[in-house]
């Protein structure tokens, strides 16, 4: 589903965010991306989304060479991928409902589908009553959950989640992880960057560890820290 | 892309309302700059009307007696044709003279009523090759059979006419400059508003929106702003026309002929509307361009 | 607040550079709108010069022979004073006549050189109570001892003068409208730029910045933008002046008197600079106001 | 140092973020503010900073009635409080160095002081080499650390930290907590909203738990969850 071959990404010529990363993620896998702050996790996800281009190397997502994709096809690539951004990236000046609905409007879903699916997903992330709130009227954790709902709502093939529980209390985080797990079981490939030791150690899924842009560990059913 | 008209309409209205500061800034910029443009065009229409009869640069006019025969007129015409001093000339028939008379005294209908078309003389308006030759030509035709009198523009009047044609050109240039400026100011404002929303645009792209999906609501917003601003400008031009007409009617002498009609104002207003809409849409599209490649 | 000049200066320059889109939008808006204003003022200066000698609404002028005695002049003056038909009058001495002559023929220095001040006659410029009384007054003074001739403006010239005074008023109105519009457009643009940076302002406040600490760099930015834009407008006005002067010199007749000097352009340019700076600063301050109460 | 008396805060008339909260925090205390997502932690901190005003009740910070403070005095209040915001609130378009220096510029520190203190604090949070980066050129965790550095740099009387470790890996988070602890030991009052169970349970400081705007627990040397 996702293949990286010798991918290197350098920002502004001197900051090497990823160094010669090669990795393969199969359809239906659940992968944790761990590593210290600034190790390149978000960059990894950004490249998959083609928010940025790699300097060298090849990235295949769902069989397509992401870097070679012509510009007008990029939106169609992105529609196969739901993304929870580390900084949420809610659409400013739009309500919770509109933010989630936007992911469906974009792919041209008819109105009645939107009107039934959006409340459903908001219920799942516990924001049913807050659907008419604006982005700036939400607490940090609530914004994060809107971002999660938007990433889920169009049932993407691939789910990229960057630190999706960073602003959530352990109980809510657990709920979200159960949701992610359920989505994964329906066949969706999930790649999740996280710092949450507890979650990684409980779920025991594949763990890829980055350090200063290098893949230093790739372990099936792994844990957060190095197995001591 | 499924073209979802209702989504775009809703999105446009909501966005206009929520980004009120931007919306108003855009509308007011359009209104002010197009009003300036429309106002100047209106003034230049006034000058046009006021100087219509001088347009051809007439320097002297050979008037016939109302009873002049066609033969007499033809003779004079032939002579004008042959004269090396004449640059060009034009025949004003009785009917045409009546039209001009009506136009000139449009604000004094009782006068127009009273005039008997048969008493208005036909004439030739003559432009000499050189202003210095005016008197020579006048002398040549004075006293010809059928010719009533030859009127030459006096030196000072001629100079004034010259000045007026300059003023017309000036107004034309000013309205050109103002049109360009309006374009620029409006596009500038809308670009700025788009710039302030660049984050929103980037997020939309990351969520999988195509460029057109993002562009259409922005362009519709531009259209609404442009049209609304132009509407205000239209209104202001209309009011200006009323005020100027009023002033003209109450003025005396030559100024009477500097009339403007409501039709002028409406014509200009429609142009202003079209320009407003087009510039609004184009401004949005231009403003968006650089934020769409994410 | 310790007034840290170097911080404010640095902050201003850095911010102007990093918000380049805004900076350029601001500068260009100022440049375009002040150029429009400056251009119109320039034109109206031209009209002023061209019509300077008609300013007082002279309708007739009583010229003395160059050898007229003071007594003769005083007699006429007394009679003018006593006449119920005269609205006002003004004495033009020999010296003044020379000045006017020089100004009128500024572009023909050889003529000015040639004139002997003593041959220029003193005169009274007289405005009758009613234009209809012009001829009455003229008759009254024609042939008086010392009086050379009495020139009255012919009907058509009078009307033209009337028109010109209207045009002057018109230009005055247009430049007023343009000045207001410039103010509005500039403030609008700068407010929009400020609006786009409202988040930055809010954060500054949350970190403990006082209003003035935030305001000063913004106002300095406004000043720089206003001044830079006004500088461009100044340049454009100057170029316009050169072009117009050139056109005037190559024109003929009455138009020669519609000169404009480089001094006019510079004078207007300085005003434009002051206006640009003031509006830039005020625009920033106004734009900031609503974002400062956090 | 900080006193809340019967403080209620309602957003938009129907969202009650804090209900009749009364609490006292002494000079030099270290208080964890815990509670599920949307329970009112950020609102609590916002009121102390006078980012917002309470509907009813009185808030005293360093002896001053925050709600009654005239507008022009607010900046001076805020200079006594360093704040780590949940969404970082870095100054956009400014470098790391400028962001941190801003907190010192604001209080009129001379240039040489700024030039010596800023690099020092950036060293402490591990961003010494990234001082010339712009805010948008930083990873999530790096932005969070800039926010922390800015809050510390002028050695405030009170430190408000809203989820300061949400985007940090456990190792970096521990480093930050050690720093916070050190600062607290020099007499600074620290109020920290957090979801990090591990940190709260390790530090064993005073814990105030909020739930739907109510203080449901106030425990010296507490733990994250209810002591089961």
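As written, the chain order gives the labels A, B, C and D, with residue 1 at the start of each chain.
The rule is short, and it goes like this: a contact is a pair of C-beta atoms (placed from the backbone, for glycine too) under 8 Å apart; a residue touches a chain by one contact, two chains touch by 3 or more.
Fair warning: this is a prediction, and the values are worked out from it, not measured in the lab.
The chains that touch subunit C as well as subunit D do not exist here; no chain meets both. Our note on geometry: subunit A versus subunit C, Cα centroid distance of 65 Å, whole angstroms. As a whole-number value, the distance joining the C-alpha centres of subunit A and subunit D reads 28 Å.
Averaged C-alpha coordinates put the centre of subunit A at 60 Å from the centre of subunit B. Within subunit C, not a single residue touches two or more of the remaining chains.
Counting partner chains per residue, subunit A shows two or more touched chains at no residue at all.
Taken chain by chain, the contacts form a single closed ring in which each chain touches exactly two others.
By the definition given earlier, chain contacts exist for A-B, A-D, B-C, C-D.
Against subunit C, the residues of subunit D that register as touching in their complex are 49, 51, 71-72, 74-76, 78-79, 83, 85, 89-93, 102-103, 105-108, 111, 150. Within the complex formed with subunit D, the residues of subunit C that make contact are 1-2, 4, 6-7, 15, 18-19, 197, 199-200, 203-211, 213, 293-294. Against subunit D, in their complex, subunit A makes its touches with residues 11-12, 15, 34-38, 41-42, 86-87, 137, 139-142, 144-145, 162-163, 166-173, 195, 197-198, 224-225. Those residues of subunit C that touch subunit B in the shared complex are 21-22, 25, 28-29, 32-33, 35-36, 39-40, 43, 154, 156-160, 162-163, 166-167, 170, 174, 177-178, 181, 184-185, 188-189, 191-193, 195-196, 251-255, 258.
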